[in-house]
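Mind looking over this structure? Questions follow.
In this document, chain identifiers A, B and C correspond to the written order of the chains, with residue numbering beginning at 1 in each.
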Amino acid sequence: MERATISQWQFFIITLNFTLGTTFFIRPGVLIATAKQDAWIVPWWVGAAGLATAWMWLNLYRLHPGRSIIQICTSTAGKAVGGFFALLYAFFFIQITAWVTRNLGDFMKTTLMPETPISVFHLMFLVIAAYAACKGVETIARVNESLTLLLGFTFVMVVLFSLTEWEWKRFEPALQMDFWKTVKDTRSLYGFPYMEMISLAMLFPYVKGNPGKSLLPGIAAATGLLSLIIFFTIGILGVYRASHLIYPLYIIAEELRAAPFIEHVEAAIAVVWLSSLFLKLSIAFYCSTIALCDLFGLKNRSRIALPLVFLVSGLAITIMENNVVNAQWDMRYTFTYFSLFGVVFPVVLLVWTGVRNRFIPGHKEGAS
Amino acid sequence: MSGILRKRIVPLVAALAVSFGLTGCWDIVEVNQLAIINMIGIDRNPDTGNLIVYYQAINPTGIIAQQRSDGKAPVYTFKFEKSSPAAFEEAAAGIMPRKLFPDHFQAIVVSRRLAEEGLLDIFNYNENKNNRRSNVDVFITNSPISEVMNTYVPMEKLPGRSIRSTLEMQPKFTGRASQDAQLRDVLEHLESPELTVVPLIRVDKRNTPNVNRLEDIRGNIGNLMLVGGALFRKDRMIGELDTERVKLFLTLKGESRNIYKELKIDGHNLSIRAENIRVKRKLTLKDGTPNLKLTIRSDLALLMQNMGLDLNVETMNRINQKFEQQLTDEIVRLMEEGKSKGWDLLGVAGDIQRKRGSEWKDAKRDEEIWRHTKLGIEVVCKVRTLGTMAHPYKGE
Amino acid sequence: MNDKHDFRAEHNRRPDGISEHLADRLVEALGDAPDLVDHTIQLRPSGTARCLYLKTLVDINRIEQELLRFFTEQELPLPEEERFWEQLRGRMPAAPVSEPADFGECVYGLLDGKCAIVLTDLNRALLIDVGLPEHRPINEPQTETTVKGPKEAFTECLQVNLSLVRKRIKSADLRLEELNIGSVTRTTVVVAYMRSLAQPEVVRQFHERLRAIDTDSVLDSAYIEEWIREKRPTPFPTMLSTERPDVVASHVLEGNVVVFVDGSPIVLIGPVTFFQFFSAPDDYYQRPGVSSLLRWLRIFSFMLAIFVPSLYIAVVSYHQALLPTTLLINIASQREGVPFPSYIEATLMLLTFEVLREAGLRMPRVAGQAISIVGALVLGQAAVDAGLVSPAMVIVVSITAIANFVSPNYNFSISQRLLQFAFMALAATMGLFGLLCGALFTIVHLASLKSFGVPYLTPVSPTVLADWKDTLIRVPRPWMKTYPQLNRKRKRIR
C-alpha cells in the first residue's frame, strides 16, 4: 500500500471512466438488438441495482476502514480461507484487465489496422498501463483527470455534428417492450460493467474522506451517460442498423458528413474510444497489481507489473476465440459469474464480519 | 542483487521488446500502391448468373495532368466477373498493379436487372467489410453498365464525383432527388414496408469513350444524366418513377423542400417554384380503415409568367388556388396509380407500423390495409417572392 | 571541499597570530601574479603598511581616493588602540572592513576583490572590500523579447541582478540567502523568496539540494540547474530559466523561489508547472482577451509541432481512408516518382532542418541571414524539383519548424523537438495507434512528474479551478484575487 491520496473529484472521474470506458462502445449494439427503441431505458434499472450493490460495498468498507477488499478478505476470514477468497478476487481483476485488453485488440484489428498481429496492440497498451501502475495511483488519478475533459469535449462535438441525421420517428413506437422479458435478456448489463466495479474497492483506502461521496454519483453519472449514448445511437442510426453492428458509434462517426470537409471523423472517435479504454485499462491493471501485492505482501509494485503485462496479454488472447463465442458466453454467464464477486462474496464477508463482531467480544475491527 | 539485475536485465528486456516492433509496420501501405476507386458498377450476367463488377480507378497523374490540359485519362475502368461479391478483391489483384482501395468510392451504379432481383448480398458484404462505408450514393441505371462506366464527363474530372455532385444539388434546388438516397438509407428500410427512391441515371447514347470527349464542347453528349427514380422496397427494385412523380413522392415524404412547377391559368403558362415545403401527416383509424390527413404548406416564388396579367392581389389569389388544386389532383392521382401497381406511395404502411396503442394491432397485421386509406389533403400556399419586376412586359 | 590548495589547512592560525612577512607570503601564494599590485604606504606618525590588491578585480578609484588618502593624510592613532579601528571603519563606511581569520582567508579575500592592508610592524592585516569586477551594461533581453513592457535583462554580475529585482520588490519580506558553491570557482549563489508567501517545504528543498552540490566549478546557472533538478529522467524542464527581471519579480511575488548565480545572466525559478511554459511575459502587458487568445495559439502550435509530422506519416502511410478524396489524389500524384517512403522523407527533411538550425546558430551574424534564406526556400524547392521529396512534405516540415519557435521558453522548444522525433518513429511503425500510445505515455509521464513537490500538471490535475484564471486564459487583473495554490497558498487574497 502506498501513501497516496485521491481527491473526491478524482475518484468520481475514475469511477466514471471505469464504468463507461469500454461500455459505451460495446454495449449499445447488443442492448438495441434486445430492447429495440426502448433500449435507452434499460440502463436506468440496471444502474439502480448497481447503486444498491455499491452501497453494500461501502457498508463493508465502513466496517473495515482503510482496507482494500483483499485485505478485508484476509483479515476477516484468516490467512487460509480469506487468502483463498482474495486469490479469487485477484484472478477476477486480472480477468477484467484481460477482457479490456482484448476489447482493444479486437477493435483495432477489425476497424483500423487489420494486418497487425493482435498481440502488438495488447503489449503496447499494457506496457504503458504498467508504467502508469508503477508510478502510482496519484499518477493514474491525474491522467484520468486531464484526459477526461478532452475526451468528453471531443465526443460531444462528434455527437453534436451527427445530430443532422436525427429522426424522431426512429423511436416510434415507444415503450413497447415486454418489461420482464427485457429485464431477463439484458441482465448481462448488470455484470459488465456494474459488477466489475468491485475492483474500485481496491482504491477505497486511498480516497480522501468517504469514498461513497464520489462513488455513488460516479455510478449514477455513468448510467445517465450510457442511457444518453444509447438514446443518440437510436436517434441517429436507427434500431435496424444499430442492432446489426458491433460498433455502432464508430459507424456513426464514419458516415458523418456535417459539412463538405468534415468527414472521416471516425479517427477522432477512435481516439476517444481508445483513450477511455486506456484509462479503464490502467485502473484495472493497477487494481490487479496491488491486489497481488497486498496478497503476497510485496512492497515494490514494479516487480509485479512487468510480469503481469505478459500474463494479461497472453490471457487476452485465450479469453475468447471470437466475438460470437463471447456474445453467447456474455448472454448466459456474465450475470452469474460477475455477481459472484460483486454480490455473493461481499455479502459473505459482511455476514462473517457481523458474526465475528458479535460473538467474539473485544475483537472489534479498528484501524489496521 | 536486484539492483544490479535491474540495471542489466531491464534495459535488455526493453531493447528486445522494442526490436519486436521493428519487424512491424504490418499495415503500412504506400499511397502510390493504392488503386483509389471512384465508382463501382455492378451488374449480373443473365446467362451465367455471375456478378459483373466494374471498378473505376483514379489515375492521380492523369488528374493533375488534366489541370495542365495534357491529354491523359483521369480514370481507368476495370471489369471483373465473379460469382460472389467477396471474390472481386482477389480478382482485382490479378490485373491491377496496385492494391484495391475502395474506401473513397463516391457512387455505386447498379443495373436495373440486378436491382430487380434484390441487392441483399451486396448490402451485407458492404457493411461487413471494415473499409467500406455506407454513406455512398446509390444509382440505378437503365443503360448498359459498361456504357455508364466508360463515360468521361465534362467539367468534373471524376465521373463518380460528377454524379454525386449532381445528386447533391437536387434536394436544395430541384427536389428531384433526396438527400437520403445513400446506401445506408436503403439499408435502414430493409425490414420495413416503406418505399425508398433511388436516383436513376442514364447515359446519353452518343458518347465517345476516350479522352477526346473532354475536348468536345457539347456538354450533353456522353454525359450522365439524372432521369427519375427507381422505387425500392426492402432490397429490390419494384418499379420506376419519372421525374415529376419522384418529386411528388419525395415531397410527400418530406425530403424535398423545393420543387419547380408549371401552372396553367386561362391558357397562360406560369413557372413557379414551391419553396420551403412542409408536410404534416396525421394518420387516424376510423372504423377499421386508416385516414390520412395531409397538410402541406409552402411559399411560392413566381419565376415567369406570360399571362400578361397585372400583378395584383386578385391574380395572386388565383395563382395560389391554382397551385393548391393542381397539387391536390396530382397527389390523388399518384395514390391511385400507386394502388393500381401495388405500391404504397404515400407511405401509409410505414406509419401504421410506428403507431402505438392496441387499436392498431390488427391494422399492423394486415398488409394490404393501406389500400383502403382515405385521403384528406389540405394545401396552403402563398406567393412570397416575385422577382424584380413590378409588371411584366406586355409586348405590343 | 576537495581542494589541493587548501590554504586554511596549511596555515591555520589564530586571529592575532599572523606570521611575519605576511605580505611576501601573500605575493608568493598568488604566484607573483602580474595583476597583483603591491604598494608600500607610509603611515603617520610612523610605520609602514603594504597595500595589496588585484587590479583586475578592484575599483582603483576608490582605493586611491578613499583608502590611501585615509592612510597617508592623517595623523593616525596607533593601531594598537581601538580608536584606529573606529576611525578606519568610520572613514569608509561603504566598504566592509574585516580582519581575516587566517592566511587562507587573506588569500581568498584578495581573490575576491578585496584590498589587503598589511601593517608590517604589527603583522596584522585588514581586508577592505572595494571589488568591482567588469561586467556588461544592462541590455535588452536576447531571447525573451516583448512588444510592451520593460526591456531590461540580467547581466553576469550578481550585484546588478539583485539590484534589478530589489528595486521592483520593495518589501522587507523579500529574503535573500547567500551561498558559495564550487570549490574552485567559489561562485556566489543567492536564493531569493518571499518569506510569507513561499512554501517552506519548497524553500527547504532548494536549500537541501543546493547544499548537496559537490563540485569544483560552477560557471553558469545551467550547472546549478543540472544539480538541483528532479532526478527522474524527463525531456521536460522542471525549472524555469529567464533573463528578465520582471519575470523573476512576478514569480517571486507569487510565492516561487528563485536562484541567482554570479556570472550568469539567467536566473532559475522553481517550482514550475507544465502550463507556465505557454505563458510569455507579454501576456501580462497586453489586454486579457488578447493574451488568452495568444495562449491558445501557443498551445495549438505546441500541438502542431509535435503532431503534424507524425500525423502526416501515420495518415499517408496507414490510414489513407481518413483523408478527403481530393487531398488523397493530390498527395498520390505528388508522390509519384518520389523514391522514399513517407517516413524516410519526413525524417530526412526534419534532420536537415535541424542541421540548418545548428548551422544558423554558429554562423557569424553577417552570414546568418544568407543561410536562413538559402536553406529554407531554395533547398526546399530544389529538393522538390529534384524529385527527392514531395511538396506536401516541405509544407509539413515548414509548419513544424515554425511552430517550434513559438514556444516562449527555449528549453521547452527542445523538449518539443525530442517529442516530435519520438512520435514520428512511433507513427512510422504503428500508425495512429502508435501515435496514440506515444501521446498516452507522455501524458502518464507528465502526470507523474513533480517539480519541487508540486505536480507538473497543476492546475488541470489536481484540479484547482481558482488557478485556471491564469493558465489557459488570462483574466483581467482585478479578478486575480488569490495566490496560486501551486504554492499551497499561505495567503488567499492579494
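We adopt the following convention: contacts are C-beta pairs under 8 Å (C-beta built on N, C-alpha and C of every residue); 3 or more make two chains touch, one makes a residue touch a chain.
Remember, it's a predicted structure, so these values are computed and weren't measured experimentally.
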- Task: Determine the chain that sits nearest the middle of the structure, using the mean of its CA atoms as its centre.
- Result: A
- Chains linked by the largest number of contacting C-beta pairs: A-C
- Query: What is the chain whose Cα centre is as far as it gets from that of subunit B?
  - Reply: C
- Roughly how many whole angstrom separate the Cα centroids of subunit A and subunit B? 42
- Message: On a C-alpha centroid basis, what's the spacing between subunit A and subunit C, in Å?
- Response: 47
- Item | subunit B-subunit C separation of Cα centroids, rounded to whole Å | 66
- Provide the list of subunit A residues touching at least two other chains, using ranges where the numbers run on. 112-113, 116, 120
- Note on the structure: Shared-interface residues of subunit B (touching two or more other chains) are 21, 24, 27
- Junction residues of subunit C - those touching two or more other chains: 318, 321, 430-431
- The residues of subunit A that touch subunit B in their complex are 110-117, 120, 123, 127, 169, 172-176, 238, 240-241, 244-245, 251, 254-255, 257, 306
- Residues of subunit C defined as touching subunit A within the complex: 318-319, 321-324, 430-434, 436-437, 440-441, 443-448, 455, 457, 460-463
- subunit B-touching residues of subunit C, taken from the complex the two chains share: 316-318, 320-321, 325, 328-333, 335-336, 341-342, 428-431
- Can you list the subunit B residues touching subunit C in their complex? 21-22, 24-25, 27-32, 34, 36, 38, 58, 60-61, 63-64, 101, 103-104, 106, 131, 161
- Task: Could you please specify the touching residues of subunit B with respect to subunit A in the complex?
- Result: 13, 17, 20-21, 24, 26-27, 127, 130, 133-135, 184, 187-192, 354-356
